[in-house]
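In this document, chain identifiers A, B, C, D, E and F correspond to the written order of the chains, with residue numbering beginning at 1 in each.
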Amino acid sequence: MLSVLLELQRLKRLDRTGWVLRGLPPGAESVAAHSYGVALTAMLLADECAARGVEVDAGRVLRIALLHDLQETRTGDMPRTVADYYGKEARRAAERAAFDDIMRGAGAGHAAAYAELHEDYESRASLEARLVKAADVIDLLAQALAFERAGSRGLEEFWDGAAERDFQLEGAAREVVREVVAALVRERAVVSSQ
Amino acid sequence: MLSVLLELQRLKRLDRTGWVLRGLPPGAESVAAHSYGVALTAMLLADECAARGVEVDAGRVLRIALLHDLQETRTGDMPRTVADYYGKEARRAAERAAFDDIMRGAGAGHAAAYAELHEDYESRASLEARLVKAADVIDLLAQALAFERAGSRGLEEFWDGAAERDFQLEGAAREVVREVVAALVRERAVVSSQ
Amino acid sequence: MLSVLLELQRLKRLDRTGWVLRGLPPGAESVAAHSYGVALTAMLLADECAARGVEVDAGRVLRIALLHDLQETRTGDMPRTVADYYGKEARRAAERAAFDDIMRGAGAGHAAAYAELHEDYESRASLEARLVKAADVIDLLAQALAFERAGSRGLEEFWDGAAERDFQLEGAAREVVREVVAALVRERAVVSSQ
Amino acid sequence: MLSVLLELQRLKRLDRTGWVLRGLPPGAESVAAHSYGVALTAMLLADECAARGVEVDAGRVLRIALLHDLQETRTGDMPRTVADYYGKEARRAAERAAFDDIMRGAGAGHAAAYAELHEDYESRASLEARLVKAADVIDLLAQALAFERAGSRGLEEFWDGAAERDFQLEGAAREVVREVVAALVRERAVVSSQ
Amino acid sequence: MLSVLLELQRLKRLDRTGWVLRGLPPGAESVAAHSYGVALTAMLLADECAARGVEVDAGRVLRIALLHDLQETRTGDMPRTVADYYGKEARRAAERAAFDDIMRGAGAGHAAAYAELHEDYESRASLEARLVKAADVIDLLAQALAFERAGSRGLEEFWDGAAERDFQLEGAAREVVREVVAALVRERAVVSSQ
Amino acid sequence: MLSVLLELQRLKRLDRTGWVLRGLPPGAESVAAHSYGVALTAMLLADECAARGVEVDAGRVLRIALLHDLQETRTGDMPRTVADYYGKEARRAAERAAFDDIMRGAGAGHAAAYAELHEDYESRASLEARLVKAADVIDLLAQALAFERAGSRGLEEFWDGAAERDFQLEGAAREVVREVVAALVRERAVVSSQ
């Protein structure tokens, strides 16, 4: 377990590249800090879904959220544009291989279970994985809004199409995510009108 | 939910005061990044405990880990020494009140459940809460080790008594935590002998 | 004296929490840098007061300014909101105790005199203490204005009611402080209209 | 030309990932700052080679040095380990495509010439390209030495095998590079013995 | 050569003072990063000039660009205003002496040639030196624009008179520089109108 | 007064160049933070001198300490080496002119008095000025020690000859300064022996 504990420390320093490339100062948001935001957001989403009658495994949601960016200790946080150059398949294969190499350190008995969760996220197979993807985008928007409220500009592209984004969710889960995204978009309209 | 999502963004920037007061540069570790480390560590501990036959609610472990420092958006990350001046009881009452104020934004149906988890952590009532406390210390030591490997000095006090620390755990849970702490202490001996 | 000299170094790194929580980057303003601003501002205020016939002990003003935040080496720089949770009395008692513990290092012959200055500031007993409080707010506004001129947003709350704030000053001292605050508010109107 | 000028600004902020992953603080070295180091080093190497009778096109050396990392505005600065996961060929193809997309902005008449220089560097076809690769490694070692002199630790791997590294150079060019690398290794021995 | 390689590392950390004094955070732009921007810009300008029939020694352009701020390892990056206090002549003499002291480390055979390039830049004697000065200003404007797009304000003074600035260039060289500056000024009008 | 209050804000961001050139990260120590350290140190020195029977004007000591680096808002914090290139006289004249220009904003009635204090410091005419110079060096050593305790290396030159440095003080004042410097040197010996 030790090797995993030591390797995860790297995520606390690694900057989210997207912000750096748009002029935010070094240290604006680390990958670890974002992963925390995604996990807490995913918990709130899952609990609200459950309260509205959706059957969702909140424990699985949290595990996926905590694991989904772990491979960046080895691949770095690549900007969106890089996927266009490597291709989606190559990117997924590389991230999966890096994840598996890290998790070998968690012990033979555990690595397979963690790999299954990671694969679920990448393929968005389960409701839980799709909720984490929604949480990933919601935390991104909440961070963008926080930056914009503090004076940052030039982040429009993150908001384009946000309200209509389809997370392949249905029923109450779809409603919950839509409401949160819509609330963020409304708050943001206040900032950008100033 | 929106108010909680926006407020948690503050933890991504808030420095862990303990490092700053010991000379680490600004941005060394944010509260959010530490909370991520605690949650991932807690997951690994809980899963290993379960593999050794301990009955543990991993979902509850993750919820407690994600919530345990959330009130710092309002109280700041106070250095250890501050508790000596305010008293443990006053500190707990203040943190609890701040936590409840934040979580009012999560909706009436949820606030009570989150408050129960927070209270559990503060009183170390359940096995799950005690595992999160162990994860809190383990992530602190792993971060200290990472800093020391990179050249930081003057962090001895974090290691004093670490190997003997009692987390009020029993049986296999106690063993798992002891093994991880012992492994960290051994790794650290290598660094400090250089 | 050595222990005080070493402990004060911590203030050079400690960020002013209020800015961090509002999205300013790490390192925006240290407690030591703010204390410098307060002391220089207090000197200018005291000298202008004296020029207008106010009897003021400028040396005492400077001592109070240099000492007023020193206890933050042990308590950290707590955000405003924290006072609501701890209560004003508990906060004052804690800060006083921390200050006295630090100043024990200044030598028995000096600690009492420094404690008296600190207590004066906390209770705003003397004209000198009230001038330092005015300088504390003026340097805060000047810093906020500097951040806003450089593009920061979301700092409105620092300006709300600034022009009417009562520092319990009278006569020419009241005039001097009012003129400076009014000049800052005017300058700020230029920035926020752009 | 404008699009290239604006895009290159990103390299001034982008951290060299290798240092971040080893615990150096944000802002330790930007990709642009490293590229400057490589270009100046390459100039010194080329001029010394010329002084010893090597026929070398110094202008070409400088062009290759300035262009060799430009594509990182789109691919980010990927850590070494990432190449193991993507494969060397995929990485080269992606970097080449990103470079060409950027340089389309330099005008039709110029893009092909810049692409030829970039390709030369990637394949180490010319003496000039091989000198830039040597300068790339020499600036990396000089930066590592500067970090180590300032107290950084844990950078041993950059020095392993440095003295024996083969840059496919011959004659006086080989000598010049060897002498510089050997001088760095000697200086470093002083630091690591302290 | 070693001493030069080690000394240049300092430029990677040294902040451009002009930005710091206007409220940009530490690490906004290092002197080395700016020098990289100037060199790449100068290459693009020189190549476009050549394409339009101007006889220009691009190798010389690149050498001057890489060397023009090197002395700042010893003099620091002084703000513009400082020249008013020291006088232009004193500043030039000091920078020249510092440059020569650094370059003594490049070997007796090389120092004179480098000094000649540095002197050329200071006196703007050649077309090549004047193109580097234009690149120096263009990279400054491109950086200012990047900061403004990201939300920075208060940088108007860098744009005042930019469009009319005379770089003592003629014919096609004059045209090329004018076109680039005009394109930057147009782009900037978009940002400042938002 | 407003112009002085706004201009002093710059010192909160301006890094002390000496640390940056030796590899400390951006934001290690601002000029304002150092000035705070000097002022507090000077107060402690003056009070101890007074307690031992030295006649010293503590108010004057504090004023000189707060003003002695103010001109760096316009001249920047120049590294030591730069004085060798400009000459001590030119440096003093430039700093004096910059200081006077800033203080014109303090009002006609005050500028002359502040100029006299600044001149006193530059010429070390009074006991008070010499005590501030001692405080300037003591705060530098205390900061260097704090950096070294946290792992920084390569700061030996600041300690060379520190114990023997002559501040042109006599009697008890000389003793007080010697004792403090000696205590720092002893503490430092502990760090460097580890």
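Keep this in mind: a contact is a pair of C-beta atoms (placed from the backbone, for glycine too) under 8 Å apart; a residue touches a chain by one contact, two chains touch by 3 or more.
Bear in mind the structure is a predicted one, so any value in this text is a computation, not a measurement.
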item: Other chains in touch with both subunit D and subunit F; value: B, E
item: Neighbouring chains common to subunit C and subunit F, by label; value: B, E
item: Equivalent interface to D-F, taken from C-F, B-F or E-F so that over half of the residue contact pairs match; value: B-F
item: Same or different residue numbers at the subunit A/subunit C copy interface, by half rule; value: different
item: Length of the line joining the C-alpha centres of subunit B and subunit E, rounded to whole Å; value: 48
item: Rounded Å distance, subunit C centre to subunit E centre (Cα mean); value: 41
item: Subunit D and subunit E, separation of their C-alpha mean positions in angstrom; value: 22
item: Where subunit B touches two or more other chains at once, by residue number; value: 10, 23, 25-27, 146, 151, 153
item: Chain contact graph, described as a line, ring, star, complete graph or other shape; value: other
item: Chains that touch, pairwise; value: A-B, A-C, A-D, A-E, B-C, B-D, B-F, C-E, C-F, D-E, D-F, E-F
item: Residue ranges of subunit A in contact with subunit C within the complex; value: 25, 27-28, 146-147, 149-151, 191, 194
item: Footprint of subunit A on subunit D - complex, ascending; value: 10, 13-15, 17, 20-21, 23, 25-27, 73-79, 81-82, 85-86, 90, 93-95, 97-98
item: Complex contact set, residues of subunit A against subunit B; value: 1-2, 4-6, 8-12, 26-27, 29-30, 32-37, 39-41, 43-45, 47-48, 51, 58-59, 62-63, 66-67, 70, 106-107, 109-110, 113, 138-139, 142-143, 145-146, 180, 183-184, 187
item: Of all residues in subunit F, those that touch subunit D in their complex; value: 22-26, 151-154
